[in-house]
Amino acid sequence: MQVSRRQFFKICGAGLSGSSIALMGYSPTSALAEVRSYKLAHATETRNMCPYCSVSCGVLIYTTGDKSKNAKADIIHIEGDPDNPVNRGTLCPKGAGLLDMVKSPNRLKFPEVREPGSNEWKRISWDDALTRIAKHMKADRDANFIEKNKDGVTVNRWNTFGFLASSAANNETGYISHKVLRSLGAVAFDTQARI
Amino acid sequence: MIRNPKDLQRYNAEERANHWLVGICFILLALSGLAFFHPAFYPLTQLFGGGVWARILHPIIGALMMIAFVVMFFRFRALNQMTAADKEWLSRVGEMIDGNDHNMPEQGKYNGGQKAMFWAMSLCMLLLFVSGILLWRAYFSFPVDVVRLGAVVHAAIAAIMIAMIFVHVYAALWVRGTVRAMVYGTVTRAWAKQHHRAWYRQVTGKS
Amino acid sequence: MTNHWVDIKNADLIMVMGGNAAEAHPCGFKWVIEAKKDRKAKLVVVDPRFTRSAAVSDFYAPVRAGSDIAFLGGVINYLLTNDKIHHDYVKNYTNASFLINPDFKFEDGLFSGYNPEKRSYDKATWGYQMETVKGGDSFAKVDPTLQDPNCAFQLLKKHYSRYTPDMVSKVTGTPKESFLKICEMIAETAAPDKTMTICYALGWTQHSVGSQNIRTMAIIQTLLGNMGMAGGGINALRGHANVQGITDMCLYSENLPGYISAPTDADVDRKTYLEKRTPKPLRPNQMNFPQNFPKWFTSLQKAWYGNAATDKNDYGYEWLPKRDGAYDVLAIFERMHQGKMNGFVCQGFNPLASVSNKKKVGDALAKLKYLVVIDPLVTDTSEFWKNHGELNEVDASKIPTEVFRLPADCFAEDTGSFTNSGRVIQWHWKAADGPGESKGDIEIIATLFQKLKAMYAKDGGKLPDPILNLSWPHRIPTKPSSAELLMEISGKALGDVFDPKDKTKVIAKAGEQLAGFAQLRDDGSTSCGNWIYGGCWSQAGNLTARRDNSDPSGLGQTLLWGFAWPANRRIIYNRASCDLSGKPWDPKRTVIRWTGTAWAGNDIPDMRPDAAPDENVMPFIMTPEGVARLFAPGMADGPFSEHYEPFETPLDKNPFSPNNPKALNNPAARVYKGDMEVFGKAKDFPYVATTYRLVEHFHFWTKHSKLNAILQPEQFVEIGEELAKEKGIANGDRVKVRSNRGFIKAVAVVSKRIATLTIDGKKTHTVGIPIHWGFKGVTKPGFITNTLTPYVGDANSQTPEFKAFLVNIEKA
Amino acid sequence: MALQSLDIARRSATTTPAPGVRQTTEVAKLIDVSTCIGCKACQVACMEWNDIRDEVGSCTGVYDNPVDLSAKSWTVMRFAEVEEKGKLEWLIRKDGCMHCADPGCLKACPAPGAIIQYANGIVDFHQENCIGCGYCVTGCPFNIPRISKEDSKAYKCSLCSDRVAVGQAPACAKACPTGAIQFGSKEQMKDYAGKRVADLKSRGYDKAGLYDPPGVGGTHVMYVLHHADRPELYKGLPNDPGISPLVSLWKGIAKPVATVAMAAVALGSLFHYVMKGPNEVSKELEDEMEKEDAK
């Protein structure tokens, strides 16, 4: 009986006194208060531009790796370019969210075709896709190219084929697309800028 | 300790188990609760596997204790009705504490102090339970002001409760021969006759 | 933009109308806030909705969608009747004093020369009175006193005198006091040292009177003397990051790169073609810069056909296709709908979502033999054939179109240049490879072209010459680099180029990059893919990649950052920022000035550098008159603007010409058969609808970006409290919005921000419809809002009328 | 700023002072509500930088999305359409942690080192030390911390302590397209706010002012308001906030008092025992029973 009383006493006492805690083998952890480590410390920075509106804000794209051969660059963060005189580092909700557009689950990864009447996509190779498209275009052009109009004036146009151009593509894309289109005789083309 | 077949049965096995279930729960709750109450006690969370486990276990143990306590409450409620003698006893509790119990009025199974303790604990348990529910964020969500009030009530009542349990435990230790009632279930006739004479008479039929 | 983004900070008053800069161009809008903070500038917003631009404005007024000309015409009237114009500027720098053909008339809502069958004008009477001077030159007659009843100024005054404040309020629904308050604020900037800038966007262009909306504002800015000034100008806040650049590359039928008007059937040969496009000056001593047209065109031909372009074959003039009519996007889909097209390529363009009347577009696509979609993302267009329930009710098995979907790299995976709205060309660098097998746009087009070229080389076919002779000087023919292409665009000397003043002096040696378009020649010795970009990659290297953002003038010109076309000029018409003697109207904001020997200052002068003020060379050098046009005969629908109702209007007559049903809507706008019939009438569709963007999304693009989907997850429409009450619609209810072309369902946002307007005595409600949802994306799926919109465009630009049409609304 | 920002001023559930000899610059973020267009760039920049993505929710008839702060939305815009003097105003407030000088969360937190106040004023949550009790929620007068349903840890704006630590501005402040969010030393921010308030007064907002509530010792995120006399117009920004008296009671005086009281009872018992001795059964009764047994 005496023994059990002492045990009781001890347990109760332990709950009361901080000093006895050390005796019981516990000591407060010296939890270090560290901020989350800076995630861009060794990322590669590339200067680019937001593709959305025509403010064309400068952005800094951060990728993993240092461009060494075996380290695949993966985009991990995008923020405003403070040097750009227009946006001065700021971004709007669209620009600030560019990462999720670049990394969207809805990015296309390989060429696909949907055959006439089919209800599904089928993966094909680039070469197949472009060869099939080129064949379609040539057949169409050769069949419907208008060399002269009804007044006998040389017009050299192909208007059964159309093209809509992006307003978010580079100038160089726009230029080469235009050059190719007119060389084919295409006239039915327009750009997002119309709208 | 020498067992005597004539020792009086004070608590049966179920009652003892019930009591200790509540008691163990309470100890665990007090340890984990104190850990959250004051930084000095925080290391007690290690007993439970760290702060997160302590936070997870505390309300679960609390709920368990509440269930066990409710059973116990109904078990002992009838025996804890206050009588005139209890009030008389309570009014003279100072003498008792002073170590002079010779003139204390004759007591039944429980004295006025124990009964007062029973009701106080019941009230505290209820308050702890209700305020505890308010704080149990894993499953409940209440307006922040109610939660704040809950936290104050929970902490205050818990402190009171812990103090009362100290008194409860100390009283058991102080009054020699008491602890065995909750450990073995029996007390000596002498103990019964000295501390709970009316009960002694009732169970033995002697004067 | 005649000015540029940062220049907005130099304004004293910023007007946001026909746009919502805070939401559509937040980072550009920063300069509005800067003007407010640093110059104590005021911001005025006029919009059918209390937008987020309005939230930070000093004054807001509501206006009915589709009534902007009535509002702005009223401003012109206010400025003229209260004599709040910049007199010296108007007299000298505009065609106010020019005498107009006395046969020019405006009667009952129509200008002289209207042909109702063709829905177009014969502009014969819209010209200047001409006189032949000694030496045989023919010049326009002027009356410097501005008193001649046939001078442009008097005609202008007369035309807009009908736009009284009461009329304005009646037509636009803008409270008269609000209108007058705005007029007063605008009028203050008539002072020579005060400027107003206007930030507009698709809220003005997407109307059947889009171009005239902008022209009306241009008249105001000219009357106030705000053109060419720092903090002034007409600033179109354009759409995509490179919408300016792609417009400059002229990816559309009417023009060749650099806004060189493309040949039509009437241009039977190169000589005819050039003559029509090379104007003579209309006033003595004017620069008449378009006189250089043959140099630009010839250099383009050399860029395209290289050595195959010689003076013997008219530099390949015959190889250029001749246009026989309109091929704008509405015309293309009309042709497709009629079954006149077989193949179609969508390069980063989602027409099913972004062209009017989705049903018609979808039906048209289903008539194609093959469709090619090149895009980084899964577009709605690429799945036009797939059933998406009521969002896209089609039967795939009945659609015979073969659809190819090719993955393109996006901006981050690409090197090249973009041109921002302020005409600044900026270079950007690739950061990482695209996902999977994606390829760059250039590589896709180049590889496709190489395949076609090989087929024509091997098998022959119709007119293979332009294909086989197309200049393709790229190191990797299937993968031309952006650098190679920008050098070609900028221009190079094919032979030695000599100084025109000193024929012995070589200014560019054969093979060198040219310094600018001034060095272009029409004898085949230079090549230039786009003359206005001339000099952006000079012998000094790639100027678009310059990153020196120093701003010594404090005006935000940053002349060493990138390269602005033309000639790195940041503010166009900047000669007009000075008086006749060459002193700046506002010396505190000097853009350029005459130093006594040359024009110089904080910008590239928009003037011959040595043109002394007494030579009387006027600032608007791109016009043969040398001055700005208050009276503009080039417009399809009138030399002055006139209020016409949208094609779907809540009114049954035009309040400005109530007796002429022909003048209800823009009489010169093109409407196709079948489309006129599905215009809704006010009795069935009583509410004015307008579509728009939200700041949280970008068109149909960010619905694929989770971060943006989180910000605006679900399609909604906005209505005012009064309409909600009438229709028993509570905030957050699902509603169905119908036009005569289809319906959409969305959540109702009931707001105080959409005012109920009183138009012509009647209560008129507006339904606001944000556009960003579709059946593909990481947002909640939604309806394509262009299901609702009418298939009609502006008379000049054919930009569809997305901003004003009629709908009905009910609880879904 | 720089690395000194790692100096700790206060640590939750820690009774001894942190090293406090070095004096570092106090930083602050100023949100100028009068130039805020509610574009939510700050929300995106915050999510993007901190690698969190909230749920794609639904439209509830307002522009507020996400509709409330969450463990994955540390800042949200709150939109209020208010009519003042017959004029419609669309008041848009960026809500998020105020980084109080006297942080209620830190005061309430029972887990040592789960909440840290840096010497530069940033109040940061360290989830590895967080036990998920939610006391910080009760401590906060601004209703900011949120407990994640996924890991039961408390989250809120960190004022991008990781960026500030290397000398950069918080992601939201950097992104803000109109400059409605400014970042710098608290001193600079107060000066700048003074200019903005003067500008607003010149535009007819007589009651414009700075919101830097003294009830929480001032904050390291402050607002410029057009109607500083009625912060509640801005979707319930509290007027004169302070740590709830209940929390002050609970985490203030109650802690020592209760600890002392419990200790007193325990020690009282001990001394009672020592002084009075045990309450034994009397010898007479023991004997009586023994006699009884002997019968």
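First chain written, first letter: the chains are A, B, C and D, and each begins at residue 1.
We adopt the following convention: a contact is a pair of C-beta atoms (placed from the backbone, for glycine too) under 8 Å apart; a residue touches a chain by one contact, two chains touch by 3 or more.
All figures in this text were calculated on a predicted structure; none of them were measured in a lab.
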| task | Starting from the Cα centroid of chain A, hunt down the chain whose centroid lies farthest away. | result | B
| query | Which chain pair shows the largest tally of C-beta contacts? | reply | A-C
| request: From the Cα centroids, identify the chain that ends up most central relative to all protein Cα atoms. | output: A
| In angstrom, rounded to a whole number, how far apart do the mean CA points of chain B and chain C lie? | 84
| query | Per the centroid of Cα atoms for each chain, what is the distance between chain B and chain D, given in Å? | reply | 38
| Rounded to the nearest whole Å, what is the centre-to-centre distance of chain A and chain D, using the mean of the C-alpha atoms as each centre? | 35
| note | Distance in whole angstrom between the CA centres of chain A and chain C is 28
| Counting only residues that touch at least 2 other chains, which ones in chain A make the list? | 12, 28, 78, 87, 90-93, 95-97, 99-100
| Residues of chain B engaged with two or more neighbouring chains | 40, 42, 162, 166, 173
| request: Mark out which residues of chain C touch at least two other chains, giving numbers and ranges. | output: 26-27, 30, 695-696, 706-708, 711, 778
| field | Interfacial residue positions of chain D with respect to chain C in the complex | value | 34-41, 43-44, 47-48, 53-63, 65-66, 73, 81, 83, 88-90, 92, 177-180, 195-196, 199, 202-203
| said: Under the stated contact criterion, what part of chain A meets chain D in this complex? | reply: 12-13, 16-17, 28-29, 31-39, 77-80, 87, 89-93, 95-97, 99-100
| field | Residues of chain D defined as touching chain A within the complex | value | 5-6, 8, 11, 39-41, 43-45, 48-49, 51, 53, 112-113, 116, 118, 124, 126, 128-129, 158, 161-163, 165-166, 171, 174-177, 179, 262-263, 266
| request: Under the touch definition given earlier, write down the residues of chain C that touch chain D in their complex. | output: 22-23, 26-27, 29-30, 33-34, 36-37, 40, 50, 52-56, 58, 60, 695-696, 706-716, 730-733, 747-753, 778-780
| message | If we count contacts the way the header does, which residues on chain A are in touch with chain C in the complex? | response | 44, 46-58, 61, 63, 72-75, 78, 83-88, 90-102, 104-119, 121, 126, 129-138, 140-142, 144-145, 147, 149, 151, 153-180, 182-195
